[in-house]
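Letters A, B, C and D name the chains as they come in the text, with residue numbers starting at 1 for each one.
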Amino acid sequence: MSGNTFGQLFRVTTFGESHGGAVGCVVDGCPVGLEISAENIQKDLDRRRPGQSKITTLRKEEDKIEILSGVFEGKTTGTPIMMMVKNKDARPEDYEKLKDIFRPSHADFTFQKKYGIRDWRGGGRASARETLGRVAAGAIAKKFLKEKLGIEFLAYVEQVGDIKTEVDCNKVTSEQIESNIVRCPDEKIVEKMIELIEKVRKEGDSVGGVIRGVIKSVPTGLGEPVFDKLSADLGKAMLSIPAVKGFEIGSGFEGAKMRGSQHNDLFYTGKQGKIRTKTNFSGGIQGGISNGENIQFRVAFKPVSTIRKEQITVDSKGQNVKLEATGRHDPCVLPRAVPIVEAMAAITIMDHYLRNKAQNL
Amino acid sequence: MSGNTFGQLFRVTTFGESHGGAVGCVVDGCPVGLEISAENIQKDLDRRRPGQSKITTLRKEEDKIEILSGVFEGKTTGTPIMMMVKNKDARPEDYEKLKDIFRPSHADFTFQKKYGIRDWRGGGRASARETLGRVAAGAIAKKFLKEKLGIEFLAYVEQVGDIKTEVDCNKVTSEQIESNIVRCPDEKIVEKMIELIEKVRKEGDSVGGVIRGVIKSVPTGLGEPVFDKLSADLGKAMLSIPAVKGFEIGSGFEGAKMRGSQHNDLFYTGKQGKIRTKTNFSGGIQGGISNGENIQFRVAFKPVSTIRKEQITVDSKGQNVKLEATGRHDPCVLPRAVPIVEAMAAITIMDHYLRNKAQNL
Amino acid sequence: MSGNTFGQLFRVTTFGESHGGAVGCVVDGCPVGLEISAENIQKDLDRRRPGQSKITTLRKEEDKIEILSGVFEGKTTGTPIMMMVKNKDARPEDYEKLKDIFRPSHADFTFQKKYGIRDWRGGGRASARETLGRVAAGAIAKKFLKEKLGIEFLAYVEQVGDIKTEVDCNKVTSEQIESNIVRCPDEKIVEKMIELIEKVRKEGDSVGGVIRGVIKSVPTGLGEPVFDKLSADLGKAMLSIPAVKGFEIGSGFEGAKMRGSQHNDLFYTGKQGKIRTKTNFSGGIQGGISNGENIQFRVAFKPVSTIRKEQITVDSKGQNVKLEATGRHDPCVLPRAVPIVEAMAAITIMDHYLRNKAQNL
Amino acid sequence: MSGNTFGQLFRVTTFGESHGGAVGCVVDGCPVGLEISAENIQKDLDRRRPGQSKITTLRKEEDKIEILSGVFEGKTTGTPIMMMVKNKDARPEDYEKLKDIFRPSHADFTFQKKYGIRDWRGGGRASARETLGRVAAGAIAKKFLKEKLGIEFLAYVEQVGDIKTEVDCNKVTSEQIESNIVRCPDEKIVEKMIELIEKVRKEGDSVGGVIRGVIKSVPTGLGEPVFDKLSADLGKAMLSIPAVKGFEIGSGFEGAKMRGSQHNDLFYTGKQGKIRTKTNFSGGIQGGISNGENIQFRVAFKPVSTIRKEQITVDSKGQNVKLEATGRHDPCVLPRAVPIVEAMAAITIMDHYLRNKAQNL
């Protein structure tokens, strides 16, 4: 109940602090017989890894994953899968001077108030390094859902600051997304985004943005009707990612301005007698349950709180202090957040796939 | 796991279909000794009730709540509180002709696909009537949190279609909200909103909007750092309400356009040595944990799917059919959704209050 | 987390106090399409009902069950099934004089200490009347498991006081059990048991006993290997029944005296190539997972605490008081506990059936 | 839901196979600020360790625990505590010849049937090596409960085969228990027990027994009234330990033979006005809730399934095979199970302590 576990049947528990012994996860409830290797996991971790390009933090972290249980002769056995990365690039002395300071819009103050104690080295448990365990677990979910059901997860950077692409999310490919360091599939604006991020870095500042997610080939029937609507659980999954401030499914906030006669997705009978909708303002989910159309959602990220610019804040005694961060941080977290969004989407769909299967014989 | 329960320690399970025997809830985990009466609950139910004003549906439902367990001599005893309303205004024959039709953007199609069977009378379990149980449970949470901790929940209609108020949410009072049938605290635009809703009704159409929520006097420390961030659980709570398509905490999607140097909420020491933030782009939650500032969030509602305008859809055999709804429905669901938003917010805060208390001695 | 819910996927929440408004349950997660009627439920409730024979309490409670949600046109729809019995035979004045007294070995003292408040009418929530909701939920589970999988649940009174039957539990039939008011399938000793119970009643005393349960035609593979072993969850299910003090699976405490070479159940290949065991000291469960043999268990019930004999106890101020119960109570609870044992067994198996199905594709 | 997690608020998840990469646990929900070190944990692990005396298995496993998260500067921080032991003494070739054989009364057959795949090296996940994670987690719970509440956990071997001590469990001390390799506090029979165990070992056989547990200084009010009775959760905890076949609380199966007038624990007012009971047939728990008396329970262990004696069993094709185990195994598991019983008792009490605190303000 301390909120370190996500999911009901595909249960992901993450553990670890930024500069503790290790970070990782335990995945419980994974179906049996899935072929899985450290390499499968590593691929997504490398997309999340710091230092992967000139627009991310320059910190180098190799982040080599080990699978320590739950896999035998290359296959899942139905027992808990523990995966972890030992922490290496630990330079706690970088953080020593921050131990009594509450950095603005970080979790320093709230952790201190909640627990009365905190691991102040690099954000401790509140560090985005925690998401490494999510990406590892998500890689398993993605592999299963791809192989067994053909479900595909795509996420990409749609907006950085006020630069936004208008590409049709249904047509975007994985190759387009991975073709550039921003992970934006619109080559016309990628350079502008890179320029903006580099400008922001030089100013010692940071910038936010929006990631769009599309999930293709989802079977109808996933999601529970009341509290655990698929949209509600996807929303929670995304809002649990560090720095996320907003979530939209389908039409989102734009839908609030519309009339029912515009917004209603009219049904028709398509190829092979499959019932489809003409529009998809519902974002692939109706009454909390997937309807077989692409699931479409958007996730708003604030600019990351760590900036080099001087800021005035307070210390644990309430005294004003000047803060000038010196670590190597991300001016824009979105390119590295793309695999995290995919992972949380995959974990959510996986869990609902198993839940649906349990009740509907 | 069928998603009819919300919360970990303050657990709300709702039951009931629109035209079944009864709708209601079981609240488990309520602290002991809270004075509670049917009247306390009824007050909020009346704000959710159909037929309460000219801009809601004209269906009359008295919705008298009964408390059937868990309360003894006017006080909660720590045992499950079962509350219910027997269904009365049941006119299933109104729906008989809809039993084989998939109404656009309703849950008819997805329920049928998921379960192979559904209660087609008035939406069955997918009916907004299910939220009656949430409002009843929320009334208990609100009363507890108000009396023991002084926490106040305010929600109001901020936007209907493209008419939007810019009032400062921190200054809005409950009286202002309840002073008019829209539940919008900005008297300058209320009339315009009413006009729009009436126009939409005449056209046989519906319109969406945005509800803003503010939670005042929340203690610091509520929320869990990783998956069960207070913002993530509030988001899930809101996204589980029928017709909701988007959720923002604090700066939301606007925050995505900002720089870190603008967005960071600088700390300072305020009255009585209390550490405060100068701005509140965080929306009262940092690192998933409440920081003592007002919690601010926004919830986007799509226009309700039931409209009188003729629509072309398909039946269960995939044949095209004309649909012209004749029931008495809401042109704009937002005024009645205000107490639902408050209820879900209160249930979420209550649950996290108990969770925080359990771990932090 | 207040312990009013049992099960992970087939979730049973009971509510209600002995003399409150109603007692009942919400069953969430029941598979779709099961035919169910109030009559199906009532049959088991009647076996649990007070006043059913001369050896139970003479209190008359009709206990007519209503199904108020989750069933449509006679079938389960996948939504929560709420069932309840309105309380009628409420004579709280009988209990008024007990409101400040801690009856020996009842829950009066511990409820008061835990909650500081309690519904003192007839034991309130601690009353065995709470088990009515369990029996109703169990009736659904039994019906599903019988129809879909051919699983059969048998429970019978094996021992009353020191009178014990040695019949082979594998050969006992439902008809034998229901052929007499003790629910003991051994006609040779039934009369002795009845005599003992009547003697005990005349003495104003009560007597304990043992119920044996047998579950037949359980598929292999139910149960989870570590904490949620099928034996552990069955044990918890039984130990949660009021007055239960012990639980054995298979060889139980006798097994503690044996050698491995005696106790090991040797495998052999039986009819149709099915792998069987020669003996069944394991009680049908190995490593926490069902092996296809009959599941065999025993449940020890203490003598019920309510007796007519005078006892010295204390009141809420710690003063000595004389207690002489006058209500109409059971001298031996076992005959009425048989359907409760069956119900808890069925709920447990049902839950594990769904859990197994979720993970093992 | 795969049953690898125990507890609601103090949540223990174990992971790992006998011969995989590592075994260990994640403890989530531990209160903040508890001083904890690897040494604290190691002490109990050493009591569980193979090879600790001449009557256990002679396998040497050092089992050095590492704490990899959740502890900072020697104190718990409220974040998940991951602890593990890397597997070293891996000789899977010992097991290679067993990979297609179903050992009698082991989990080989049921795992194969459930999952269709299994890690056959040394029992894999079904190995008692899994309990290492439980003991580590239990050490934390014991330390917390001792320091904050003075609660003491004692478990000891009461019976080996048919040799049984009659010492008064309330008077037994930890020193007496640890004074000999059997962990039986009755010096008069310890030698007989050792002789029996050595005899059994020489015969290539194994023998079962009973462990008694006593929990002292438990506050009143722990346990939930209905399904999560403290006795039910303790029972489940014990029945989840490998080889356990029975559980009794208080009078247990003996209580079934008694009259209510004998069994009822009469209240009286003791020292400092504390309400006590004259007898303790309830075993410290009434209505599922602790009453402040010593909690007393008994746990029956079958003889371990691995024996050196030749047995006839079947392989995965159903063919008869001769089995003669050659590994180094325990003739009697009870001395090493004592810390496991203590650990599971401590985890259960800890969880209920936090649960009680959450609801009862």
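Remarks
By definition in this document, a contact is a pair of C-beta atoms (placed from the backbone, for glycine too) under 8 Å apart; a residue touches a chain by one contact, two chains touch by 3 or more.
Only a predicted model underlies this, so the values are computations on that prediction, with no experimental measurement involved.
Common partners of chain A and chain D, by the touch rule above, are B, C. Using the mean of the Cα atoms as each chain's centre, the chain most removed from chain C is A. Remark: chain A and chain B have CA centroids separated by 26 Å (rounded to whole angstrom). The mean-CA centres of chain A and chain C are about 46 angstrom from one another, to the nearest whole unit. Separating the centre of chain B from that of chain C, both taken as means of CA atoms, is a distance of 39 Å.
Residues of chain B in contact with at least two other chains: 1-2, 4-5, 8-9, 14, 29, 32, 78-79, 114-116, 125, 225, 355, 358-360. Across the complex, chain A meets chain B through its residues 1-6, 8-9, 14, 102, 104-107, 109-111, 113-116, 125-126, 130, 159, 161-162, 200, 205-210, 220-221, 223-229, 231-233, 235-237, 239-240, 242, 244-253, 255-269, 273, 275, 277, 281-283, 286-292, 298, 300-307, 309, 311-314, 318-320, 355-356, 358-360. Contact residues on chain A toward chain C in their complex (touch as defined above): 1, 9, 29-32, 78-79, 148, 225, 354-355, 357-361. By the touch rule above, chain C contacts chain B in their complex via residues 1-2, 4-5, 8-9, 11, 13-17, 20-24, 26, 28-29, 32-33, 66-70, 72, 75, 77-82, 84, 114-119, 124-125.
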